[in-house]
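By written order: A, B, C and D. Residues from 1 in each chain.
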């Protein structure tokens, strides 16, 4: 009890997703749906820059919870298109707000009345998304759900992301496509976090 | 397929150009006019300062595009020449309409009937048979590749 | 967690040498294994089609193993417009090795090669270039480049969209030798002012420089029609039907747009490149180069005069797979061997390694292309609004030295500091006068001084952005054209700049710049593949860096005098 | 230069031209032999250069050519161009912050995190979370959690300590984790979070943490006697902590730490003097005395001859710069430079405002609304170079040009063409830099004044009070009504009405407070709600335009008596504002004045008054009747 953990990102934490049943439309107005891609926390376990999916989920959900809003997780299985995943999540969300996320980390906040190809906030540069950014994304999604006006999460840019990450991103994208199960609808899932957590 | 120089809708220049005539601005300035009928040599600083020139004077004419098409043909570039002939036809179409036509050619933006109308309009309103042929060809391919817009009644919301 | 953090160590003890190697910039670059089934492969894939062609009834009924009924729209467009039906069967029957040899054989003329390539199918073209190693590709490029004289293009942008910076950097860039200058914006509404600045600055640096402003189609076309810009190149095309549709276009819509530009007298080229299809997840299992060859032929069929290719913004993808840069060199060659102007890439941030950045450009710089870079950043990369280029202002002296070392013409030259300062100052003053004439937000003398000596946008006083944006809007509302710029320059005493710009505008009326590979010389002579055709026919022929131009390129910042070794020349 | 007469015999084609600070307006008319006027066209362009200087020529010519084009006439037909006698008016703005809040010894955390955790009051000794285990049971503890602690780990550590008997009564966190931690506590306690400099919280001191229920504000720590009760203070100590209580009023959460000499002070910053000279007096007033004191002094020094500010202060710098700019403008090549001493500040407007500023010594980036004074100043000269402009216009157009009359008089003259207006009439020209008033009495006597402060000052007040940091956004807030985007298909206007849309609104305005521009809704990047944005906007307009309307009208009204005015016509760009005319009309109504926005010529709205006034004056001039134009 005397040595405080030093960092927020705990490499020790793991997550597994337990399927509960077909995803249904939520009735609570104070919920945000987190819509996960086919390979998230399944075929893949971390983002393109090695942020564990466990940490991504914990931070997204913490950002939502801190705002007093409930997070509900679904996995979309029949597409790996971020806009489609996010829009499916938004349509199922009681508040109409969703956060969609791909295995490599690319994330989007969506709303049910928007056109599928539109979005509220998009974070396209997956190599620049860390735990703190995921927390802010969760927080913003929850604020939208409450009808507040959050300031958009600042997006970053890095000219040298191209040489380092462009090809790996393409590869991860192709792999995620491989995990698509074309005939299966979205399922509701529960996150079961592994060792290292007390909550 | 409509690429022979004589099918041009505008008055086809009678001059037969060869590669040696290029660049026209230096070797054959007497052939070049502005849409207002001025010679290219009239585009002088004095004319600018005195306000004799308008933006209209800086546009290319269909006749000049036909001359450039001849040069492209003469230098073995039939596709480039074809592009210049379509361009010659398009000089008459207002800017906004050109962009609207371009948008109509985007995938699933127009119905088959819409593209047919567009082709007819190109022919009848702008005497643009080469452009019309391109649009008709697109309509045929779009039909086969499922790239036409569905009629409005069927569209889902 | 930034993308440039070094790799994490494994925890095992490493040799000191490994530590040094791990810390080398090249190890910040990303590399991936091939995955040919998904198209993540440069140019050697078992999944690419085998070449075939059959003509019946005056049209192509079979293309690369597909029958006409099964053509996707790329096949259809290429069959209908790109391939010469009359010679197709005959040309495709020639063994690929023989065509590859024609490409590198100096005694086969460029025209003789074109007579064959105009009938080739995409798979046949691939089959030919697959036989060539990178030196052979360069030899082919040396002969097949459309314009005899090579050139270069610069990017002139500002992280703050500051028009004074763009004018000063455009003047310096033009003076250093760029034949074309391209800009784009952070805040799009700034476009009219920045485009004006680019045009005025460019004409100060060297009369006849051609400028463009990359924007969405409507505004880009409008600025071009008004004579504020001179050409356009950011019209993207893709190698698969699905990605083309994702981009909300078809070959027919793009062909229509190509004619629209020509109808306004504006030079235009398309843009494509290896890797874009697989990057978007829809390569349909074909190699990057095969898909790019389809793009090149589509551009050819549309009748556009040229193409910007060399992977462009997707360079990280071919750059990460084996043989990727060979494929990139090959795609430039393919554009040239079907007689298109080729602006050959080298225009996007490519590698953390200076050695790799340099090597990447050799297949274009050594043989020469129509534009070696389709955007060498003539501003510091931090100001480059195209997300950074492979070369920037810091590399000027290196580039000039490499030109001198190998006696090759990469389009640039060393210019003395006093000339540069003079051009920058004059460009800023000229823009100041034009803004005053057009009643746009004033440019202060402090800004002129800053522009003269500045490196980056950080070195300039802040502009009143609100007033600038209102001014920019008024440029559009008031219908200001290139003629107004000429008037403003003339009435404020910048007679020579006004004449330069008027001469460029006059070219619009002649259409001479619409021909393949056209640029304007400093004497305002349109130089294109028609009057400056590449006549390479082996050693001692074709473009040679010699005479006055070679004397120019011998000059560097520091060269010790041989007559008095205590001094430097230049 | 020749005059031609191509119209019917005796008729003359004239153009009135008004060169204003920002726009140049032209009015083309034909005047019959009997003095009758037919208006043929008007035009408006941007003024080139500073008003009253030769640079105006280009703008004047383009305004004239535009009017000619609209009227279908050519330059050769013009008999005479009539220019206003315009003297250059230059205005400047400056702002001085005059108060500063300082927290010493990290006594207080008074910021308002959006999501504190738990509820109630906890009083105990501050301890770092890492040392909770060493704490003896039975002594109440306020747990301090430094940055880097994960919420799960922090909650586990607190639960473990509580389990071993430590009485944790409250917590202070660095991260935005209060709800997360509270949700995981076995025994919930009040938690204040987002305390960025949490390491500066003194440890081992008695501290109180209070969190109110959502929608409520704290009751104990914002009450001096509450603080006295919590910390057992004597009356002298209670007096000392009362600024702390005041500073915490209105917060949902707060922390107060009792340290030996901790304090919160509200300090006034001396920002120097303003020296006003006028009416034979020289008055000195401290800028930090506030707007009321400054305006009192300005009123006593009326008419103002000049003003100076203390060098090195914003106000001093601004006044000097306004003067220098005017001197530069008045300099002409080949003539001796205009001495700066010739140029005098002729009016000053001071407005109380506030500026959100970070509190010095704060631990959580607390922001206090500090008081500030905004000043607008105006300088004009008696030297006009309009004759030179007239000569240049004449040369450029090939027609005669002359000074046709003084601006104020001409404005009144033009305003009289507004249907329903009669003498005595006063006009208020609501511009960008200055507010101008002119009065035409029943007898035809005209007086005019310029006072400092107008549209630009309103923009500046909105920008700083809402901490927008973006003049463009502030302009938007000033010009357009507000609304809140409540869904993709409806907005609620500032008056409470709801408007529905068939097409979804763009995503970037979703859930935001927006201004309704003609191009569609544009988001206002602020955390303020619609109501506070609206309040700031209206207050800014009131403090500038309503105050200046009254000030300026008093200066032209006979004996300063507003009741002596009958008609007030509002002119100028800001008369097009959607609420300023109503606000001024409301303020003037008690004085029995008819006030409204002008409609010059019955068609032009509040525009073109001076230009058409020039035409009217020329038509009415006795020298012209039957005699034709004179040179």
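Here is the rule we go by: contacts are C-beta pairs under 8 Å (C-beta built on N, C-alpha and C of every residue); 3 or more make two chains touch, one makes a residue touch a chain.
Because the structure is a prediction, the values reported are computed rather than measured.
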If you tally C-beta contacts per chain pair, the winner is B-C
Go ahead and note the Å separation of the Cα centroids belonging to chain C and chain D.
49
Chain B to chain D, mean C-alpha position gap in Å, rounds to 53
Cα centre of chain B to Cα centre of chain C, whole Å, reads 26
Where the CA atoms of chain A average out and where those of chain D average out, how many Å apart are those spots?
43
Multi-chain contacts in chain C, i.e. residues touching at least two other chains, fall at none
Contacts with 2+ other chains: residues of chain A
none
Got the chain D residues that touch at least 2 other chains?
none
Just spell out which pairs of chains touch, all of them.
A-C, A-D, B-C, C-D
Chain D partner, complex, touching residues on chain C are 439, 464-466, 469, 474
Help me check something: in the complex, which residues belonging to chain D touch chain C?
46, 48, 58-59, 471-472, 475
Using the touch definition up top, name the residues of chain C that touch chain A in the complex.
1-4, 28-32, 35, 38, 40, 275, 278-279, 281, 313-317, 319-321, 348-352, 381, 384, 387-388
Looking at the complex, which residues from chain C come into contact with chain B?
72-73, 76-77, 80-82, 111, 114, 217-218, 221-222, 225-227, 241, 244-245, 248-250, 252-253, 255-265, 300-305, 339, 479, 481-483, 486-487, 490-491, 495, 498-499, 502, 505-512, 514-516, 525-526, 528-531
Residue ranges of chain B touching chain C (in the complex, touch as defined)
19, 22-26, 29, 32-34, 40, 43, 45, 48-49, 53-55, 57-61, 64-65, 67-68, 71-72, 75-77, 79-84, 86-91, 93, 95, 98-99, 101-102, 105-107, 131, 134-135, 137-138, 141-142, 145, 147
